[in-house]
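In the part that follows, the structures are each spelled out as structure tokens.
Two complexes are shown next, each including subunit A; its partner changes from subunit B in the first to subunit C in the second.
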Partner chain A sequence: MPALGQLALALALLLAAYSIFANVYGARRNAPDFVVSARHALWAMTAMVAIAMAVLWAGLLQSDFSLEYVAAYSSTTLPTIYKITALWGGQQGSLLFWTFLLSIFTSVVAFQNRRRNPDTAPYALAVMAGVAIFFLLMLNFVTRPFQLLAVVPVEGSDLNPLLQNYWMSIHPPSLYTGYVSATVPFAFGAAALITGKLDDGWIRSTRRWAIFSWFFLTLGNMFGARWAYEVLGWGGYWAWDPVENAAFMPWLVMTAYLHSVMIQERKDMLKVWNLALVGLAFSLTLFGTFITRSGVISSVHSFTQSGLGPYFLTFLIIVVVSYSSLLAYRSRALRSRAEFESYLSREAAFLFNNLILVGIAFAVFWGTIFPVLSEAVRGVKITVGPPFFNSVNAPLALALVFLMGVGPLIAWRRTTADKLARIFAAPAILGVCTGVIAFVVAGIHAWYVLTALSLAAFVLGTIITEFRRGTRARQHLVGEPRARALVNLVAKNNRRYGGYIIHVGVILAFVGIVGSSFFKTDVKKTVREGDSFAVGPYTLRFAGVSAEDNAHVATVTARVVVMRDGRAITIMQPAKLFFKKPQQPATHVAIRSTPLYDLYIVLAGIDDEGRLVTFEVFLTPLVFWLWAGGLVMVLGTVVVMWPNVRERVAIAAALRPAATPGEIEAESAPGGD
Partner chain B sequence: MRVRSRFVVGAAIIAVAVGYLITTAIRNTSEYYLTVSEAAARAPELQGEAIRVAGRVKPGTIDWDPATLTLKFAMYAIPDPAAAPVKPVVATDPASFEVICAGQPKPDMFAPNRDVIVEGRLNKAGVIEATQVMTSCPSKYQPQQGK
Partner chain C sequence: MHPRGAASLHSFIDAARVTAAVILIASLSLGVLSARAAQSAERTSEAQVAQALTCQCGCGLTVANCNMPTCGFSVPLRIQIEGMIGKGMSRAQIVAFFRHQYGEKILSAPTTEGFNLLAWAMPFIALLLGGGLIAIAAKRWHHAPLVEAASDDREPPREPAFDPELRRKLAAELKES
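For the complex of A and B:
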């Protein structure tokens, strides 16, 4: 079986190489047969990679420890679900999974473009196949998933206990999906640069891919945060670890891109900027893999450190250099005639939002590589921790939230102060009132929190205004009842109103982040059975421990009775686990979540044979809203991606040679300016 | 051209603001990241500075008091894996530091000979007063085997 997987990977490499030749030859010599043949080769490549995946999965499920990978990341006692997820538990498996996703997306792109984009699609597919070749070279020659062991062990070393968790089963696939699908806009951007077809065709062809990628990056980051919150037991969800930053940076750049494309579609501006952003997003996905795999930057996550770093760095440099050269080569043709007319315009607000997002990404990048830089320049490793990232990003986040309120409401081109006052009066009053209430009633005096809450309320106010205006317009123009008008408003302008729903989600998450960062209570207490201690409004009574033991893991569970106002409201059961194969402890946090605050109990230590127990308890306000915001963002993205007949027509029109710009403008219906 | 410069000014303001935030934040929050031997070599100049030191827990030095949540131990330099496996005959004690960490639970993975990263300040007595002790996971959960 392993030989089959190895063979499949070798064939996939050959097929990828052939498809590049056939695509480029077919496009240059105008030989459609070759392009068709390249397409078939890509499909065959996908089948080969799928076979390799299936072989590795079979090995994991059958606990075939003759495979080095299976012996290293699985064991006979590992629950079946984690045998499946062990496929991305280690380096070779994750690269194989990455390659699999890449080939699937390449195949889908090949299918989507079998009649569309005859000039650019072959080049885009060649770029994607080029990326696939890099990964296939790694899998075939450098880090082989089907490496056999000379001596077959009786038992495997098991999957890292921290990864034996349901969030970890879905976090890597989401993140990889987001990472890998960022290749599609990049490939089309590169194809546009190569062929010189520099209109916004490449943006239209990949818009859904960009949103798709952004969606999964969002999910990946959220799942990762949730995993850290539930599994790592430190009461937080984000530590600005290099690995987290690696996932966050592409998200920031993708977010910037999704906004700036709107300016190019409307105003034909920022062409170079948009091409640069997709290049940057793709490079950052490679950079992320590079830093997690190379061990150049020390991370608490510490993945398998391997010799993979130099290869990734080389590939990254090749990508960055060739893409920027192409961009420089075409810069003349990309010059835009349109100009910014006023700071008080939507394009200015969008541009500043872009600059801030990229600025945040740069600050995160700088903080991440700072230890390496300082060591190279000054000979001393100097690290910056969470305080650095928080103090840089906190003010930038405020500015971003402010622009989030302003951008969507302000008119394109220019607007007058008068008009501004009229639009923003109500939301601004709402914002100020929220601030005052927070100050007087809730007794919050931290200026940052007051500003953050006021701005959040302001943005929600602007979004409500937008929905109201749109619904009213439909009620008057189309004569629909209010509820129907609201539904139709969203359905007919799903990109715009889906975007607003995403904004609501971002604001909720923002409030959750501010609340949980500023008002967290942390109580550490060592107690004996029967002892009680107070945390915020709660009294916790330790009611004893119970132990459980099986071949895979030993568990000690503590029972904590949670009381409020003298009444027992619930029993929480934090636990400590000990995984047998890797001889490694882990913790099970008990969390009681309410919209106001989370009660989070960690069984931090057991001494004196279970008679003396140390608890660490966190009372974290508003963290609930971070996850709720994530859900709302998911909902909004679903609305944005919902197939919209009118948009299809617009795309089809735009892709016809003589498209009239008017059809695309038709996007903004009632409610728009 | 005037229109273009308006946009350049706006962009420049944001770039300067981001740059300013980064430089001040680095000045205020950075800490030295050193190995035990590096820290030992620079001990006099590091006094009172925020440091992060990577080392290995010395067996037989761990003193953990759960009632007060006080953890004391000594850490020594992590031996270079590239060096010959044969121990040098030289009898000098390798550089080491005493660490006191109060008010934190003992990390799960904390054990003799585990690699740890200690965050805190170096006091006058040469003891690291840690605010945090982190265990770095062994990168692979395989029994050590030659390859």
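For the complex of A and C:
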């Protein structure tokens, strides 16, 4: 079986190489047969990578320790679900999974474009195949997932206990999906630059891919934060670890792109900037992979020092240099008849939104690489941790939230001060009232919190205003009842109102982050069975421990009765796990989540007889809204991506009256929006 | 009442209702924050000191945050910090002590001196440069007709009651159905 996997990877490499030749030759010589042949080669490549992945999965499930990878990341006692997730728990498996996703997306793009974009699609597919070749070269020659061991061990080393958590079954796949799908806009951007087809065709062809990538990057970051919250046992969810930063940066840049692309669609501006952003987003995904696998920057997430760093760095440099050169080469042709009338306009708000988003991405990048710079320049190792990132990004986050409120309501081209005052009066009053209540009633005096809460209320106010305005317009002009008008408003303008729903999600998450960052309290207590102690409004009573043991892990679970106003409301069970293969302890925290605060209990220590136990208890306000905000963002993205063919055809017809019906039909096809 | 006046009144009542609902929700949340704010004021400075130091177990967290079961660094250090606070040492003195003992890598953020100043300044320099580029581009993009518009002292045209784009879409939709 391992030989089959290795053979499949070798064939996939050959097929990818052939597809590049056939696509480029077919496009240059106008030979459609070659393009068709290239498409088939890409589908065959995907099948080969899928076979390789199935072989590795089979090895994991059958505990075939003749495979070095299986022996390193699995064991006979590892639960089946983690045998499956062990595929992305180690270096080679995760690269194989990445390649599989890339192959799938390449195949889907090939299928979508079998009758569309005949000039650019072959080049875009060639670029995607080029990226696949890099990964396949790694898998075939540098870090082989089917490497056999000379001496087969009777037992494997097992998966890292920190990765034996259900969030690990969805966090890496989500993040990888977001990373890898960023290749599609990049590939079409590169194809546009190569072919000189510099209109916004490449944007239309990849809009859904960009949203898809953003969606999965959002999910990946959220799931990762939740994993950290549940597994690391410190009551927090984001530590500005280099690998977290690596996942956050592409998200920021992709968010900037999704906003700035609206300016190009509407005003035919920022062509160079949009092409630069998709190039930057893709490069940052490679940078993240480089960080994770090079060992250059130490991180709790790193795949140790694998020796892959130089290869990734070389590939990253090749991508950045060649893409930048193409961009420079086409810069004259990319000049557009730009118009900018006023700083009081939506395009100005979007420009500043882009500045802040890319500014935050730069700040994160700078903080992440600064330790390397310091060591290179001064020879002194330093740490750039949470205090730096929080201090630098906090004011930028406020500016971004402010622009989130201003951007959607302000008109294109220019707005008068009178109109501004009229539109923003109610949201501004809401914001000020919130700040005043926070100061006077709640007694909050931290200026950052006051400003953050005021701005959050302001943005929510603007969104409510916008929904209200749209609903009233439909009521008056179409004569629909209010509820139906609201539903139709969202359904028929799903991109715009889905975007507003996403903004609501961002604001909820922002409030959750502010509340949990500024007002978290923790209590550490060592108690005997039957003892009680107070944490905020709760009284916790330690009601004893129980132990469980199996071949894989020994678990000691504490029972804590949670009481409020003298009444027991729940029993929480934090636990300590002792894994047996990599003899390593781990924590299982107990969380009681409510919209007001999370009660988070860690079993920090236990004596041999279980008489004295130490609990660390965190009371974290409003953190619930971070996760709720994530869910709302998901909902908003679903609304944005919901097919709305009728609307798209109508808008296309309105915006481009000269377009032929055939063109409009092609534009409204799935994947074309 | 004049129809326009009635519409304005309804609009005002709607806005007031929405505002009241959001204020209520905000107040409830803020009430909770208030209680937490009071408690957080009682935090010991041990946490503040520990927040300024990086755990050396490889977790990448601060000493205040590291709760890794395998960590043998943060717990003893927190105990040591408590002892130093008990002896009357200030935050700066304790941080300086550990910096001397472990080197600069133990600090959780770069210092604000020498080369490290670049870490703090660069993001804002980049932002200023970006803002400058926007200003230059905006000036270049500034269109001649705008000069006329700016110097036009006639009363601006009355704002339509509804977003013109929305009106256009609705008209297209009605025409289609």
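In this text, the second predicted complex is superposed on the first by the 644 of 673 C-alpha atoms of A that agree within 3 Å, B and C clash if a C-alpha of one lies under 4 Å from a C-alpha of the other, contacts with A are read in each partner's own complex, and residues count from 1 in each chain.
Here, a residue touches a chain if its C-beta (ideal position, glycine included) is under 8 Å from a C-beta of that chain, and two chains touch if they have at least 3 such contacts.
Remember, predicted model here, so these are calculated numbers, not experimental data.
**Student:** Using the superposition on subunit A, tell me whether subunit B and subunit C clash or fit.
**Tutor:** clash
**Student:** For A:G359, is the partner it touches subunit B (first), subunit C (second), both, or none of the two (neither)?
**Tutor:** Both partners, subunit B and subunit C.
**Student:** For A:F533, select first, second, both or neither according to whether it touches subunit B, subunit C, the two together, or no partner.
**Tutor:** neither
**Student:** For A:W43 in the superposed arrangement: first (subunit B), second (subunit C), both or neither?
**Tutor:** neither
**Student:** By the touch definition at the top of the document, which applies to A:Y18: first (subunit B), second (subunit C), both, or neither?
**Tutor:** The answer is neither, since A:Y18 touches no partner chain.
**Student:** A:I429 contacts which: subunit B (first), subunit C (second), both, neither?
**Tutor:** Only subunit C is touched by A:I429; subunit B is not.
**Student:** Look at A:W167 in the shared chain and tell me whether it touches subunit B only, subunit C only, both, or neither; answer first, second, both or neither.
**Tutor:** neither
**Student:** Please work out whether A:K492 is in contact with subunit B alone, subunit C alone, both, or neither, and reply first, second, both or neither.
**Tutor:** second
**Student:** Tell me the contact category for A:V511 with respect to subunit B and subunit C: first, second, both or neither.
**Tutor:** In the superposed model, A:V511 contacts subunit C only, not subunit B.
**Student:** Can A:V392 be said to touch subunit B (first), subunit C (second), both, or neither?
**Tutor:** both
**Student:** Counting residues of subunit A touched by each partner, does subunit B or subunit C come out ahead?
**Tutor:** C
**Student:** Once the complexes are superposed, what residues of subunit A are shared between the subunit B interface and the subunit C interface?
**Tutor:** In the superposed arrangement, which is not itself an observed complex, subunit A uses residues 298, 300, 339-341, 343, 348, 351-352, 355-356, 359, 362-363, 366-367, 370, 374, 380-385, 387-388, 391-392, 396, 576, 584-587, 602, 604, 616 for both subunit B and subunit C.
**Student:** Note which residues of subunit C are touching subunit A in the complex, please.
**Tutor:** Result: residues 14-15, 18-19, 22-23, 26-27, 29-40, 43, 47, 51-52, 54, 58-62, 65-70, 103-110, 115-116, 118-120, 122-124, 126-127, 130-131, 134, 137-138, 140-143, 146, 149, 156, 159, 161-163, 166-170, 172-174, 176 of subunit C touch subunit A.
**Student:** Hey, which residues of subunit B end up touching subunit A in the complex?
**Tutor:** So the residues of subunit B in touch with subunit A come to 3-4, 6-7, 10-11, 14-15, 17-18, 21-22, 24-26, 28-34, 52, 54, 64, 66-69, 103-106, 108-109, 119, 134, 136-137, 139-143.
**Student:** Looking at the complex, which residues from subunit A come into contact with subunit B?
**Tutor:** These residues of subunit A touch subunit B: 72, 157-158, 160, 162, 295, 298, 300-305, 339-341, 343, 348, 351-352, 355-356, 359-360, 362-363, 366-367, 370-371, 374, 380-385, 387-388, 391-392, 395-396, 524, 526, 576, 581-582, 584-587, 602, 604-605, 607-608, 612, 614, 616.
**Student:** Which residues of subunit A touch subunit C once you look at their complex with the stated criterion?
**Tutor:** It comes out as residues 232-236, 239, 241-242, 269, 298-300, 338-343, 348, 351-352, 355-356, 358-359, 362-363, 366-367, 370, 374, 377-378, 380-388, 391-392, 396, 414, 416, 418-419, 422, 426, 429-430, 433-434, 437-438, 441-446, 449, 453, 457, 460-461, 464-465, 468-470, 472-474, 476-478, 492-493, 511, 515, 518-522, 536, 576, 584-587, 596-597, 602, 604, 616, 619, 621-622, 646-647, 650-651, 653-654.
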